[in-house]
């Protein structure tokens, strides 16, 4: 059978890939995508722990349901903001959006 | 009558208050107010003197204030010494005030003059009456202030203002020493009262070593040096001649300068206990008198000559006190008060009459000013120690005490000073009153009110000597003494002093009447000595270069030190200036303002670093966060 | 499952949610937008009334989801108060057009209920949902100023930064769930004590969870979003950010640290201490050279977070009491200061400090008010700020954290400089010619007077506030 | 016997009442504003006299105590009390505030704000001297900071902003350390208390090491205010830039708060530390005296010179404090009071000159005595007093401090006596530059000192004269309190 | 036994696939292609859920994540019309540092989590049916359930407010 640690390794790798994406992606939507990757990594974690550590309680899986719900909400908000940015800045490249500094 | 002694200083104080507040309205009537007050004090003083002669002394004091276990009291002590001084001060004060009516006639601040004069006499009387060192110190400084006010009376003249300032500061230096001596005594003996001091010194208390006693005596003497213009601090007296002449007569001849001698006399117990201190007094005395005497030989300003002669005579008194001649010193103090006041007032009349102070421009005034000339002659005779005038007796007493002290060098020097005194006094006399008038001077007769005081003083100069002379059985020394001593007249000393006096007079006669060319010739071939004396041993210049100028430079340095160093180290306001570079002017002031901004600079620079961190790029932020997280994890893994 | 019984406890939250929906509906009926504001204020007041009347028994609701203990009550009352004041000062804020008013009020009402839920959250899931709820609303509010470049940039930055941090928090939560097997905070604490996992794992889990919370509180390594978002967002929203989420961030950090990590306290203490000092120093030093007043207030709020952190570092009940006293005084002063900033920016349309020149000449009332709030922020007695600082210093010294006290003390001197810099500009420099008398609108004036009275009252007679806070924290910490 | 009527609170809060009244007077009615403030300060003066009436001189412990619990959780209570030492300061504050208020006619713009800050300042100062609770003392201590910042900042001279913020930050930095000291005291006292009297009782239980640290912390707070040598650089700037009536208060009262702090808090509560640091304080004191005099000598600006002279005179206070003997303490307390009166008057006179000639450069004047006789007489009188001329009150303070100092540290006192001579130097230089010498025609138009200005100076003149001649009046009030402090410190002193 | 081996190998296949596609979606130049890569990764994750006996979650994942969220994202990509020009540099300059940080993060997590020992074996108790999840949602987790609905409402209202035209 597949031990718990493999799942955790998978989620850790996905989490780091997402993180790398957030650091390097220039377009806001790119960052959004990477965030989704990180979120999925966490969900895997939750479900894996639910199965191995607390097999008879459903807390883990229910948590994932809620995280997906929240992910949906935050994507809606994120995209609304990105559209507003595009409307004002005419670009969604994050390193060009720095009117405010120091 | 003795217990009314406290009234004596109150009269002049009342006069002062009247003259200050209502003087403007009194106009010329402010003089009689002062004179009346002075008369009152004189009468009481004489009555008290009569009672004191009959053996009655009194000390009364009330508690001024109490701090911890020390109680400071204020009170008055009437004994032979103070009674004598009271009479001298009030008498001379009265005569000077009468004289001033004429002299100060028409001055804009006429009433103020008499107000300051009464204030001075009040503080002098207070000083003489006080029964403890602290009260003496208080009146001591008051006297200093009055002399400052009177010297710079004609303050429009810059020289007068400078002279006043110089006098006050020099006195202040002396007073600092006096204060230290006072506090040492107070610390070790627990009291400042003269009687208790001598009592406690008698059964020499533990803890008070000889060294400390001598030190406190010298410190008190330091106050006397400042006030009586002895050697290191004598520079202020010649400049004090800037003040009106009656002021010089009263203050710089009779009373204030004598206060130093009075103080040494009053606290003689302290001096006597410490054996070293008396030597110091006499050495300072001899140096001062010899130096001042020599300077007076070549001076040309009439008042400067008399000033240096006063300094020299005070040196004389110090020598007397130094060599144990307690009553001799005090006796000379009294007689000197009379004839020196007389000489100053004569000089005043001369200046008042011909408006000029340089004796080389005067000459042949005998014919025009008979009274002034004759009284001046009497004064000169008295001071030169020509018998039977008072000067002879008191100087003789001093010479005897110096002779008895066994120090022959000292005796020799004192004799030469006597010779010099006789010489320069008669030089002054011949140049001003005899010989041909050198310049066309318009002379207007001095007013009668200026002549009468001269005559009275002349009489006193003649007869005041007999009190202490053998003819009246040394009445004076039996009256005022530290411990009863029997002096038998030493005829050899008496003869030598007469010879010396006459020699001085004849030499002056030869130099200035017989052949006026000699002094100029002498001056030429002894020019270095002549210049040395003319420039008053360059003491003023030395003081200026080695003390005053470096001192001022030090204050400038202290101020710049203050602004740049300390101010720089603490001041925080420079912070914003580093970041806000636009306001250029503002920054120069802060950067210039110094080290305090250093901290401000660092704080500002640090602020700048954090500010730059805020790049505005979202990804830098997220990157920084996770580096932070990683750093924390690493840090705590290993800590 | 006495569900109905539990509902009674969350009546205030329900009222607010219903009100927020109603506000959207009312938008169509009423022309004047002020009525909407008054309606939302009315609903907040009724929620407050219900809160006060509610019983104070400390027991858990909804099978462990919420706990209604004194601390929760204290936080809920404060959240309602904060939202009320924010709505009050946003009524006359001209930048937000009439069209978007109703959404603004409804979002604010929802954020109030979110905060109230979060104050009682006793379950990891509830904590996550609460935080996400507030964050989402904050992202929207940050970007609320439609045409303005800065506002949308603020929204974007806040969104990206916030989501990244909350996902990290989620990751931490998953690990804790893995370790303890339960989401419930009290059970989690028990499990953490007697588990056989190596401390490193637990430590990393707790660290990642507090990343999310530290982001909300704007602690040093996570403070970068703060200045840009505060400057960009519309001013009432900035006021809300600087007070609302920060208070809840601290509350959850307390609940979480109090429970879970008491075990690892000695690790935490020094780390948190260093972070607290770093927060103070960064906040104060960067504020020195700011020219925009909102940005300056942002850095000052970071600095104040630093001071409040000391209360946490001290980790005693007295420490927590001083933490919340500090926060309540900070809330009052900050809202007051932002109210004045709004009043001025309504008139001069700019937040630059140099535009405050000579404010005391033409509008002395506003200048006096702002000076009072700034002096209180600087911690000068007899105002409220000093009471907060005094409590923090005393709790630090009591536990022997001398280095913390000295760092805080020095920082407050630096802080005094930039607060007084503003006062200097207002009072000491001449007014620019175009300056005109600024008259605050009645609603704004009410907020100003309210916060002024509170600042003075707490400053002069702090006893009731202290009683209230210590009662709130009197529950037996595990 | 404490009157049922809370006199002390009245004295502290009367000015605040005045502020409330001022709020309702419109800005443009300047005359009315000036009159009301004048009345308020005058009533406060009357109240301070009433306090004296109810004050029993030979009872050394604080009287007329008012105690109200303020923050019970932390055992802080609103506790006022007055004893000999604090009464002298209270009277000085009330008097100087009244005179400064009368002299404030020279302020021409933003008059209403001026008087509001002025009254707030008075309340703060009054409170500091009456507070017997460390927390209350600290609160009032800080209250005086803000109005003074505005008073210097708005109505000051050319570099007012710089001087104002410098004054503020110096004092704040100092007082912040003082707060730490107070907190440390609070936590080590069993049962935790801020009450000064209880802390004095418990002073025996504090270990020496602890006492030293707390003494140092408190020292920073008070030393900046006194000011003691390294922390004094704010004083000249603040004085030169502050408007005349404010520098009267600054020099007259604010400097005394620092010294009062030593008397009331540092010395009685931390006796061993006071004894331990006695020599260090004496050294700083003598630096203050001599260095202050030196720098004063180098000044050309009249006000800066008087400022540095205050540094020098306050040095005597520190010397008296360091002496730890009844004579030293009475000297220090007397010097505090007298310096307040004399320097207050000096600043008033400088103000008179500045209002007419609009310059403070001493070199620019000269020969004013000719057509300003009354002004010159008064100026010379006060210069002599500040010189320490016996017969005037300045002498008593210096004399006793030096006498006390002499007993404890001989060499240091000898050096300080040099300070007196230098003081004489720069004061006489000032008199000569300003008053004496030929009349320069530039100042021909200067008008004589007006009656109102004279009124502000005459009461001070009377006090200086009366205390000079008969100091028993003041000493009998101050000494019992000082003896009480010394007895409490008793065990410690050599 | 043989079927175990087969399912295990399929799992590893899926895991590696999803990792590859995740990397692709992060590095691809064209935004549209990276979105598609993400969809594939999501499907991979759904497969992992099935392995972890969370069938309902897999369903939810596919329905909501892939269905709703990704369509939304693609609309956004269309709106902001960046997909066609290839030459714009997709990654910014801090690539190297972020690589280091991301990899060290991964390293730490793996090092930490790998020491988790499976607990309570792998035995199946009663299968976790959908009904149980439903019951649980409406009893124990009823408050979060209500809350998530309000969150979605708020998100809706907010984003509508922001993006509606004046």
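We just call them A, B, C, D and E in the order they show up, numbering each chain from 1.
The definition used in the following text is that a residue touches a chain if its C-beta (ideal position, glycine included) is under 8 Å from a C-beta of that chain, and two chains touch if they have at least 3 such contacts.
If you're wondering where the values come from, they're calculated on a predicted model, not measured in any experiment.
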item: Both-way neighbours, i.e. chains that touch subunit E and touch subunit B; value: A, C
item: Least step count from subunit A to subunit E, where 1 means the two chains touch; value: 1
item: Chains most often in contact, by C-beta pairs; value: A-E
item: Chain nearest the overall Cα centroid; value: D
item: Chain separated most widely from subunit D, comparing mean CA positions; value: E
item: Computed distance of Cα centres, subunit D from subunit A, in Å; value: 66
item: For subunit B paired with subunit D, centre-to-centre distance based on mean C-alpha positions, whole Å; value: 36
item: Distance from subunit C to subunit B - Cα centre to Cα centre, in angstrom; value: 77
item: Distance from subunit E to subunit D - Cα centre to Cα centre, in angstrom; value: 73
item: Contacts with 2+ other chains: residues of subunit D; value: 165, 169, 173
item: Touching two or more other chains - residue numbers and ranges from subunit A; value: 15, 18-19, 22-24, 48, 50, 53, 62, 66, 70, 73-74, 77, 80-82, 84, 94-95, 97-101
item: Residues of subunit E touching at least two other chains; value: 92, 94, 97-98, 101, 105, 108-109, 113, 116, 141, 144, 148, 151, 154-155, 158-160, 162
item: Touching chain combinations (by label order); value: A-B, A-C, A-E, B-C, B-D, B-E, C-D, C-E
item: Sites on subunit C touched by subunit D in the complex; value: 360, 364, 375, 380-382, 386, 390, 393-394, 397-398, 405-406, 409-410, 412-413, 416-417, 420, 423-424, 427-429, 461-463, 466-467, 470
item: In the complex with subunit C, residue positions of subunit A that touch it; value: 15, 18, 22, 28, 31, 35, 38-39, 41-42, 45-46, 48-50, 53-54, 57, 59-60, 62-63, 66-67, 70, 73-74, 77-78, 80-82, 84-85, 87-89, 94, 97-101
item: Subunit C contact footprint on subunit E (complex, rising order); value: 108-109, 112-113, 115-116, 139-144, 147-148, 150-151, 153-155, 157-162, 164, 166
item: Complex contacts: residues of subunit B adjacent to subunit C; value: 572-573, 575-576, 578-580, 603-604, 606-608, 610-611, 613-614, 616, 618, 620-622, 624-625, 628-629, 632-633, 635-637, 639
item: Of all residues in subunit B, those that touch subunit D in their complex; value: 63-70, 137-139, 141-142, 145, 148, 152, 155-156, 158, 161-162, 164-165, 168-169, 172-173, 176, 179-180, 183-184, 186-187, 552, 554-556, 558-559, 562-563, 566-567, 569-573, 589-590, 596
